[in-house]
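Listed below are the structures to be examined.
Both of the next two complexes hold subunit A, though its partner changes from subunit B to subunit C.
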Partner chain A sequence: MLRRLIDTRMGLFLAVLFVVTVAVPVGNLVMAGQPVPSYVVALLGKYMTYALLAVALDLVWGYCGILSLGHGAFFALGGYAMGMHLMREIGTRGVYGDPVLPDFMVFLNWEELPWFWLGFDSFWFAMAMVMLVPGALAFVFGWFAFRSRVTGVYLSIITQAMTYALMLAFFRNEMGFGGNNGLTDFKDILGYDLQADQTRAGLFVAAAIALAAGLLVARYITTSKLGKVLVAVRDAESRTRFLGYRVEGFKLFVFVVSAMMAGIAGAIYTPLVGIINPGEFSPANSIEIVIWVALGGRGTLVGAAIGAIIVALSRTLLTSWFPELWLFVLGGMFILVTLVLPHGVLGAVEQGLRKFRRRRPLVEN
Partner chain B sequence: MTSQLYLSGVSKSFDGFKAINNLSLVIDKGELRAVIGPNGAGKTTMMDIITGKTKPDGGEVFWNEKVDLTRLDEADTARLGVGRKFQKPTVIETLSVADNIELALKADRGVLANLLARKTPAQSAEIDRLLELVRLTDERARPAADLSHGQKQWLEIGMLLAQDPELLLVDEPAAGMTDAETMRTADLLRDIAGERSVIVVEHDMHFVQALNCKVTVLHQGHVLAEGSLAHVSADPQVVEVYLGR
Partner chain C sequence: MPPSPGWRGADRFQGTASYMQKNQQAKERSRQGSAVIARAIPLAWLATVFLFAAAMLLALAPAWSQAGKFEDLVNALPEGSYSDRAGVVGAIAATGDARALGVLQSLTEGQLFKQKAGGRIVALSASGDPARMIDAITGEDLGPYSKSAVKKIKVNNGLRREIRTAIGVLSLTSADPQARLKAAEAAFASGDPAQLEALDTAMSAESDREVATALAEARAVAILNTDAPVSDKLKAIEVLAMRGDRDAQGILMPLRDDADLSGPVREALEEIEQRQMLWGLAQNVWYGLSLGSVLLLAAIGLAITFGVMGVINMAHGELVMLGAYTTFAVQEAIRTAAPALFDWSLLIAAPLAFVVAGGVGIAIERGVVRHLYGRPLETLLATWGISLMLQQAVRSIFGPNNREVGNPGWMSGAFEIGAMTVTWNRLWILVFALLVFAGLLTLLKRTAMGLQMRAVTQNRPMAAEMGINTGRVDALTFGLGAGIGGLAGVALSQIDNVSPNLGQSYIVDSFMVVVFGGAGNLWGALAGAFTLGVANKFLEPFAGAVLAKILVLVFIILFIQKRPRGLFALRGRAVEA
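Moving on to the complex of A and B:
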């Protein structure tokens, strides 16, 4: 089983991930002079959640051909579910000191907690919602879309419309999710102070573990016989139906799994950055995820994760050096990859290595 | 003797154009039947209707005299035992040749069953046997995209057999094959018939002759003539619309 899941590509990536996951907290918490500053820990943790989100998209797009332009919505819903728990954790420490109501509700003169906020005081309930809410949305959406055989560009457009509609809804104060400010001012998680270095390092490790787990789950799915069916759906959907496979069921399955994975990524993202707001639902966010996957290498899982990290890192560096250039660079990267690297960065690197290996014996002889 | 397939008064229009017009056809169990007719006669549309891809505007389509095929979709009919080979060979290009056969093998088609499925020794043996039969053993590990047009035709025939269907619908199998391959295909289809029912659509007259079976001539979505090849060839109407050209 392990052999099936961990090929060279996956093995190398997990090894590097493991080293980073150990080294970063050690450099931040243990070593004298703190060679790894605290903001870097949070930043790297955030990259990992993006990488997990990219893996989630690659699962549906790379393997099943479902080009979702709304995956940011599942990420944001997971983030909000976690945010709701963190809001309730604040308790009387809010500005208004209300033991039950979050500050923004007191500000809006709400008398009691809306029903959909009930239960979020429990961490485990919130964790369940982190997966169930995105999963349920994906299920309902996919049920209708896949059954009516909406595919290709049309499907992409309605996923984009879905995230846009959610963004508009979450911007409204009456929705009960903090309006355009979103949810913020969190104090602690499971009793640990969110400003403490230890907590931040813990969240970083959680993000790394979630990424590794997400990769392995995705790999389990794609290397199973079901994975072959997904590829068949991607390459020849009609043929697959004539083989007796109920295509909509298979699409629904990966779409829901992928949405849950995106939800988990969002849930770790929220405490790491300290805020979740409706901007996370913006259509542009979802489109950017597609760029990550394409840039890293669609249909490789590991490539998707690498793509997310490359883009996020470039953004961090560029927006501090040349903030006005960032969008052009992002667009440029995408065009470059589509034109020059059809299999993404990972594909190009692996192809280069293969050539190198093939040439070497000739030199030796 | 019960019929495998029974079509009666079937019609289908596309934007007012009658692609299938009051078509009636009965295929016996184990029968081999050739369907010929000029381009646009409605041969492919007929297969679309039998497999549930296209819903007819009217008429009856019955499987084994009891199952109404017009209520089913492609996956249903496939599970029921209808296997289809397309006019344009369609295999799953990025999967290996052996994986193409594996996906076609008769097995549980459920989502969870496929997630947990493990290839049994019996399945591996069956894959080997089919690859041998369609002469693709040496290509088993290559992506199907690498195959020649003729090899893809064979792979698709292999997939069809892997499904273990009761009825095979074979749309222009000889296209892109050499003469020798065409004759081998005819032999294979004759072998298959008897145990299974087979409907073959074909243009190539040598091929139809080699099949040596009852022939149905389709024209403008309607049966023009039916009988032995010699019989329909002698029909003046058939000569006029088809053979005479």
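Moving on to the complex of A and C:
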């Protein structure tokens, strides 16, 4: 079982992830002089959630051929579910001091909590919603789309329409999600102060664990028999159908699982960043997720995570060093990866390694 | 409409009190104002007589009421209290003298003075720097303006209001029909019965039909504000029902419960309501068509590349943006080099935008897209990358802010059809979109190149076997689609902000049009664009702009379930690819 899940690249990645997960909090909290500043902890935590999001997309795109341009929507929905809980946690410490209503509702003169906010004062209810809401949306959307065999670019475009429509909806104040300011000014999570280094380190570890778990779940699915059917669907959908498989069921399953993973990523992202707003739904964000996966290596899981981290890291560095250049670099990545690196960075590295080994056949692995 | 007898003379102000109670405050105020005039006129006359009795022979007194009336009234302007002067202003207007307008305008602008030595009334001349003084009555030049030599004739807000009304009455007889129309509309808005006489005079002399209608409507409102006989008021209500807009509705509303008029007023209101609804419908259809034409322009180029090559060009929005910036550049060049050509700027910019965007499109096809045929999803990503780079390039060159693109004369302004306003720029864009569509259709159906394009769309390998250079057709098709995006940019520059984000705001919408209409089908794009445009504008009044858009998106998502290949699905082998 373990051997099936953990091959060389997965093992290597998890080992590195483990070392980082231990080293960063230690460097931040324990060691004298704080060699790892607090903002770096939050930043790395954010990268981890991006990586998990990329793994989720790789699961549907890399293994099932569903190019979703709306995965940002699932991520944002998870984030909003978490944000709603954090808003309720603020309690009387808000600007208006209302024990039940979040500040923006008081500001809009709302009398009572809308029904869809009920229950979010419970952490576990919120955690359930983090997975259920994106999952339910994916289920309904996928059920309609896959059943009527909307595929290829058409599917991509309607997923884009989905996230675009959600963005417009969440921008509306009347929706009850804080309008274009989104949800912010969180105070604490489960009683721990969000500004404290310890909490931040805890969230970082949670992100790392979620990433590892996500990778393993995805790996479990893709290496199972079901995973083989998924790949068959990706490569020859009609043929798989003719062989007697209910293609839409398989697609729906993997789409919903992926949406839930994206939701979890969003839920950890929100407290780390301290805000969730409708901008997360923007179609551009969702398309960027695709480039993370493509850059790292489509259909490799680990590659997707690496791709997300590479892009996020270069964004952080470039936007502070040469803000003008960033979009050129990002755009260039899109073009180069599709033209030159069809298997992504991971694919290229492994191919290079294989060539290297073939040249020296005496060295066995 | 003939002026009704019994409506002339000072007795028309009797009984206004009963109206004052009925009408809203605003009207009350104007009524009070006119009552002031009525009271003040005799006072002013007295004052005039008193002040100039010393200067004039008493024997001449009957004569000045005829010949010297205007001059004496003007000379009386600095005297007396504000309410006295209000009466004088009304009297000046009533003389109908050609100079009256100028004097009143100077007065309201605070540019009318009394000379300390000699007591002549002087105004500042409109031209000349430093300002010169001219005699307000004779127009004689009295040398440069000096502050110490004159005393300003002061006005307060109440007086200004009187002057405005007086100017309105005077403008009713202006030689310029536009000015008369404006005056008639102002009279309509004020509804002041004091204007009745002036309106009647103006109507009997009016030859322009539009102005005559406006005058009749203004007169109807004025009549409703008096205690004229019911038969006159009924006629007035009819006139207002014919007008049938919101203003007429607002005037009739308070009369709904009037004992004598309630029946006809209710009928008229109903009629107006119905007409308003029809015009509202027409206006919505027009807005929808206008939005549809914009969508069509933005989407049609996309439809070609998507249909013929199965390629999703995510950079299409940026090609539109390039077209808009080309327009900006052309206008800048014209502004500096040949300002006279400004009205032609769009016609010059259109072919340039086509060439610029088309050129970039061909470069994209040759450089990137060509290597990705058969991999539509990768093409989507690569073109998205190109779109990011184009955005940043334009931002680096032109700056991140909105750029000002002017409307040529023939594209600015609006005209009215009934209760519907149509702006010229929207109308021209609709015409332009239809022209582009027709041109494209001709190109595809009537030319050799179009034949080749269609052949490649339907069956690429077969077309290649028949000797068509599919690579060349691909490049030209992509260039054509891109060039049309550039043309769309020229049109959009007229109604939208020209900024590096211009393309982004249209990309999702234009995809929706293509997906809804069915890829690769021009008629599909046409039907899709106009359906979505009209649907959007019809939902807006009920749901608000944002929710309407969301509803349309949801509708498209559901529609795709029913017809996964769009409204006009393409048949042929290309579909299976």
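One rule holds for everything that comes next: the second predicted complex is superposed on the first by the 360 of 365 C-alpha atoms of A that agree within 3 Å, B and C clash if a C-alpha of one lies under 4 Å from a C-alpha of the other, contacts with A are read in each partner's own complex, and residues count from 1 in each chain.
The criterion applied here is as follows: contacts are C-beta pairs under 8 Å (C-beta built on N, C-alpha and C of every residue); 3 or more make two chains touch, one makes a residue touch a chain.
Since this is a predicted model, take the numbers as computed values, not measurements.
Of the two partner chains, subunit C is the only one that A:Gly331 touches; subunit B does not reach it.
When both complexes are overlaid on chain A, the residue A:Leu226 reaches subunit B alone and has no touch with subunit C. Of the two partner chains, subunit C is the only one touched by A:Ala165; subunit B is not. Contacts of A:Val247 after superposition on the shared chain: subunit B is touched, whereas subunit C is not.
Touch criterion not met for A:Phe18: it reaches neither subunit B nor subunit C. Within the superposed three-chain arrangement, the count of touched residues of subunit A is higher for C, of the candidates subunit B and subunit C.
In the superposition on chain A, A:Tyr96 makes contact with neither subunit B nor subunit C. Once both structures are placed on chain A, no subunit A residue is touched by subunit B and, in the other complex, by subunit C.
The residues of subunit A lying in touch with subunit B in their complex are 221, 224-226, 228-229, 231-232, 235-236, 238-247, 249-250, 253. Only residues 306, 310, 312, 314, 368, 371-372, 375-382, 384-389, 391-393, 395-396, 504, 508, 511-512, 515, 546-547, 549-550, 553-554, 556-558, 560-562, 564-565 of subunit C touch subunit A when the two sit together in their complex. Of all residues in subunit A, those touching subunit C in their complex are 67, 141, 144-145, 147-154, 156-158, 160-162, 164-165, 168-169, 171-172, 283-284, 287, 290-291, 294, 324, 326-328, 330-335, 337-339, 342. Interface residues of subunit B facing subunit A in the complex, by the touch rule stated above, are 51, 53, 73-75, 78-79, 84, 86, 90-95, 99, 102-104, 109-111, 114-117, 119, 159, 163.
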